[in-house]
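Structure incoming, see below.
Chain IDs A, B, C and D follow the sequence of writing; residue 1 opens each chain.
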Amino acid sequence: MKFSRRDLLIGTVGITAGIAFTPVPWKLLGDASIWTQNWPWIPQPSHGPVETKLSACALCVAGCGMRVRMAAGFPVGVSGVTTNPVTQGALCPLGFAAHQLNWHPARLLTVRHNGRASSWPEAQAAFAKTCAEGPVAVIDGRPGRAASATLEVFAAKHNGSYQAVSGPETNALVPYAAWSEVPVSALGYDLENARTIVSFGAPLLDGWGTPGRFTRLWSERAAGQINPQLRLIQIEPSLSHTAARAWRWVAVREGTQSALAAALARVLVEEHLVKTQGPLPDMTLEQAAVQAGIPITAIRDLAHAMVECAPTVVITSDSDPTVSALNVLLGAIGTPGGIVLKTKMNQQHGSVPAAPATVRATVIDGTVPWDLIPPTQGEVFRFAAWDGGGSNADWLLPSPGFLEELTDIPTAPTSSIETYTIATNLLAQPQETQTAAQFFSKLDGTLPDVDKSIHARCEQIFQAKLGTIYAGKPTPVAQFTSGAKLEAQLRNGSVWLGESPRHTTLRCALKTWPTAAAPAPVTDWTATWAPPVLPLLAAKLYQESTLRDAPGRSQA
Amino acid sequence: MSARYGMVIDLDRCTGCGACMIACAAENNVSPPEPRATWRTGITPMVVRALSNGKDGTDRREAFIPITCMHCEHETPCVSVCPQQAVEFDKSTGIVMQMPQRCLGCRYCMTACPYHARYFNWWDPQWPPGMEKSLNPGVSVRMRGVVEKCNLCHSRYHDALQKAAAAGKKEIDVADYVPACVEACPTGAIQFGDLADPKDPATIAAKSPDAFRLLEAIGTEPKIHYKTTQAWIRALADRQSDRPTEAPHV
Amino acid sequence: MSETALVDRRWIERGAERASTMRFLLWLFPWVCLLLLGVYAAGLCFYYGLNQTNMDNRFAFGLWIFLDLTVIALGAGAFFTGFLVYILKQQDLKPVLNSAVVIGLTCYSGAVAVLMVDVGQPLRAWFTFWYPNTHSMLTEVTFCISCYLLVLVLEYIPVLVKNRQLRRVPSFLVFEHQAHKLVPVLAGVGAFLSFFHQGSLGGLYGVLRGRPFAYRQGFMIWPSTFFLFILSAIAVGPSFLMLVVATAEKITGQKLVDFRVYRKLGFISGVMLAIYVAAKAIDTYVWLNVTSPSMGFGPWDYYSYWPLSSTFLFTATVPLGLLPAILFIVPRTARHRGLLLLAAALTCCGVALNRFVMTVQTLALPTLPFDPFLKYTPSWQEVATFGAVVAYGVIVYSLSYRYLPMFEAMKGE
Amino acid sequence: MRRFLLVFGIGFALALIGGWLVFPRVVYLEKQQPFDFFHKTHAEKSGLTGCDSCHVIGSDGQFAGIPRNDVCLGCHSDKLGKSEAEALLVDNYLKQNDQPEWLIYSRQPANVWFSHAIHTQRAGLQCVDCHGNYGESDQPRIYEVNRITGYSRDIWGHSISRLRRAPHDGMKMTDCEKCHRRHHVEVGCLGCHQ
């Protein structure tokens, strides 16, 4: 018998019929949909032990305490530390995605020389050469760290200069420092005791100072109250996030803050709203009113509102003596609720400006604004963990990223009390990276070692017997029996909080009313965020929602 | 044990910083935005939106309102419409649960939700190489073509349950279960608690005269409450004032 | 005569007048192109996902859902004609029965195909059968449509095997005779299923408590839209059938059915339409004065937005509802072929517009007090897929007309 | 007609053979474990009787799963015995401090949340209730992975039809549900999913 086309047909029918009685179609149907639930190109979370560790965020000067959730040895989530007396469990929005920064596309992991890939030995050689030729300028974006000491010593040894770059919040304190002849780092705002805060464009509720410190104060004492304990008066051209939530918003014409300040000064003095008698600005009330575009009556009301609820303090967004002078009139310097002197313990880091002409090499370390142009002709070596783009540095040197470097965190600029935190490196430092301190130590073995300096500082704190250690529960330093115990606590994410501020020791002499052009106010909400790139998830705020405008800073 | 987890969000305390949004995304393994994503195609299980009184100049007032799944208690719109039980109302917690792995992506639930708190994965989630190491092991990653939304940080509830079991307890410790957005808020504007417990601070806050809910008249009994002393916000929320006719700067 | 033409002839009914092979191919060509483009677009959606469309989280439903609802309404002619012929024994409608079946088949299969593109995870679509949520209107729709599609296939096979060549296979002939006995049963089942899913399609939106614009109270578990959709579908089905047959006559230049059939279809459409318009008016009144206010929404919340203001509601009911109804019923106008067809066309537009309002306007309107009114324009992929369904319908109908004795057979009996 | 049945029958039979015998071998792929491990030897030689002597549950309820190197180092600081597996363990893993990448038979997909703590501590289940008598296994099991889904075969179970199965065969959702129903434990989707 031979096989016909008809047989083929019937045979196929038989097979099809048979298949239905096997697991094939049914299991394939099931497995196909399971496949869609486990697509190979969709990443899966890693397996491994989950543990929670404490550290601190070293990405900006605020240095918030961080509770880090680690899985399989990598951070999978961060949150604030509620026992931290400064932040009280708060972080800035960007902090919550900071643990993803180490894999940011802009992460620097190769030495780059004028845009081309290079290597550490080459960088070392180039630096050694320039050092031999002349003095070195060191620009430190995070002064006051243990590492800063190392940099300073190195600069001194190589008859160079050490310069600290400070952010807007520190700059805002510069005038008072000048008038009262104390270092800026010794000053702070005693917000906790203030009743009225007049902010000239400072984003007090939007990334100013240490997250949590003012926001918590504000939410407890001001939010939603018709007649709040804490009055926040926001003077700003546009309705910013802070202005929107302020007790009162005064729309001032762009760049006329000095004029308004002058007008307020006149009203305060002439109507005897303040004890002090001047100095007074030359500008008359009328002129000022016209300039600022605010009716005189409104200015009067504002002046009255300012003093209604004392103590009152004025806060500027950046260095602006013409406005800062108001604090002198208000007697808000060296008094509770004003600008106060922190108890001093850590040694000062003066900033000696470099002699531009002679400097052969400039080293930039820490979170220095990406667009900073060093005032030198010499070769520029910049340490950065992320490439913010458009840097004019000759050398880009990859430094450790988030939680990859052991560093200590000095008092935050706006704080009125000294603090000390250690940001433990929960992640191993990648071999591709070096810190500036490590880089220098390769040239000069005698430089102070960061780990040792941190140890020394802990010892200092222990010896001084001042302040309190905030771990689970606060423990006065005096109660510690050994420095080692104290150090161990600090290295495990505890915070040292100094004594409460002294109000008497600050005197401020102001002969004439200052005149200086007001700097541009901080408008970009990311201005206080120090790394050159934002966490990718930050785009949720301005791309996938309309909450904010996209930041000016390049996203790499 | 039958809890009714819910929130009371104090709009007067919300500064619109967006910490809750980012904390939520990080906790729940939401990927960074696809380059083409917009406010209408993005994934923001917790989103803060701006309110305004519609006036200009110095009369202008603005506020911010965090919007997430309201976990409607009654006639939950999304649960009844899902053709294959990918959405479920959990009797023991009052949480409206979304199961992306069961979802076929018909998006019927999205048309049903009056709060627009549901999000469709228009693209496959993508992370830069290596960043998958930062994924939260407690939450599975969604894939293109499915709907997702706030599950009230359910992985944290899991951990709390497990901890309780290990300690031989039946009930979870309240302190162990706090959603990421609540934890993240720098002004403590979000109060989280068991609304079935009359002594719970959240329950008491929800009963205050300043408290209200969005679209209450629809009758879905949302478990996210809001709170404000500002008359204009209340008027807007109660739909007494006219609404914007154009999309917020898009 | 070329070789292919000869082969082609052999498949065409003996004695039937059909266009030459060449002309037929020329006629098919553009439609095939359109179909292929649509298939390509659908392929893009499968490969890259639904980001190929312009839908978004707010416009979660778009052009495709509108297409599905409309197409399925137009396809209603199939079940209703079957119902009239086999259950109500309206033998004089028999001549158009086969076309009704073909139209129904293409409409339903087309709709299902588009739905498969529309869902984000087609490979999981079968979950609906395995883990059905009995409370969901969509489950009801899925079940009924897939079952009814099966019914339509069964109804189509007897028509198919009437083909000159297929007829010659003995077993097919046997089957055809058996099938004929079965057809009335199928018609009954079909009618039942269709009643349900046509309604459920309306229910789909009527149950949306979260969308006060669409939400309706109703009878037991069914919102009023459930019944309105059944009515409008029954009304539009015969109209569409009439239009298709008339177009076929126009293109082929042959008289396929007697004018009395048109008038009958028209009359049915007219009566149903009249009932529908009345019902819709009452429903709208109740909704605007009772249902909607109770949810805190007034007419202003719906009709203050240009372009989708109340004009749509009006147009859908009066010029595209009441007017054709009158044209259909009043003998003087119904006698006139042109007016009859015009009325049919108006009816189809009216129902399409109604479906548009239900699907698109519902999503465009804001629910939250601080929400804007949203706009959406479909991407070319969406439009192409839409076009493919139309092309598919034309092609299937053309082939069926050419190779199957759709009208002849019925005349024969 | 006879011939019809014959040809049809042949086709039918072919399909059955292919579907029941060939298909399972095609969808599942055998994989090698890093090295042989013998539960029985450990139970007998080292007196590690209870499962929890290696597979511990932490105070926070976390299940450690397969022990990490430090646990092994407790005994295997240097080679015990001459076996090839022992050499591999000590030289390639413990000395390099490199975790062996075990293929886990009962690994559930990423969207499943299973708490050993709850099932053992609260429900009082024994390990064997779900895993069977691993402790007595004296030869390494073969690990099979589904080529399409990437799941371990233990999830579907070894009986391809899932009809007549051994007690511990299969760890699909339906298997979980069965037990939950038996003990009247009601949990929502997210009770077991994440």
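Going forward, contacts are C-beta pairs under 8 Å (C-beta built on N, C-alpha and C of every residue); 3 or more make two chains touch, one makes a residue touch a chain.
Computed from a predicted model, the values in this text were never measured in an experiment.
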| item | value |
| --- | --- |
| Third chains touching both subunit D and subunit A | B |
| Between A-B and B-D, the pair joined by more C-beta contacts | A-B |
| Inter-centroid spacing, subunit D versus subunit B (mean Cα positions, whole Å) | 38 |
| Where subunit A and subunit B are represented by their mean Cα positions, the distance between them in whole Å | 29 |
| Subunit B and subunit C: spacing of chain centres that average the CA atoms, whole Å | 39 |
| Whole-Å separation of chain centres (CA-atom averages), subunit A against subunit C | 62 |
| Residue list for subunit B, restricted to those that touch at least two other chains | 38, 41-42, 49, 101-102, 124, 138-141, 248 |
| Multi-partner residues of subunit C (each touching 2 or more other chains) | 121, 124, 127 |
| Residues of subunit D touching at least two other chains | 62, 109-111 |
| Subunit C - residues contacting subunit A, complex | 121, 123-124, 126-127 |
| Complex interface listing, subunit D residues touching subunit A | 3-4, 7-16, 18-20, 23-24, 27, 62, 64-65, 68, 109-111, 146, 148-151, 160-161 |
| Complex interface listing, subunit B residues touching subunit C | 34, 36, 38, 40-42, 49, 51, 65, 67, 75, 77, 80-86, 102-108, 110-116, 118-124, 144-147, 214-220, 236-239, 241, 243-248 |
| Residues of subunit A touching subunit B in the complex | 36-37, 39, 41-48, 50, 69, 71-72, 74-80, 89-94, 96-97, 99-100, 102-105, 205-207, 211-212, 215-216, 218-219, 223-226, 239, 241-242, 244-245, 249, 251, 535-541, 543-548 |
| Subunit B - residues contacting subunit A, complex | 10, 12-13, 15-19, 21-23, 25-27, 29-30, 32-33, 37-39, 41-44, 47-50, 57-58, 60-64, 101, 124-125, 127-141, 143, 180, 183-184, 186-189, 228-230, 248-250 |
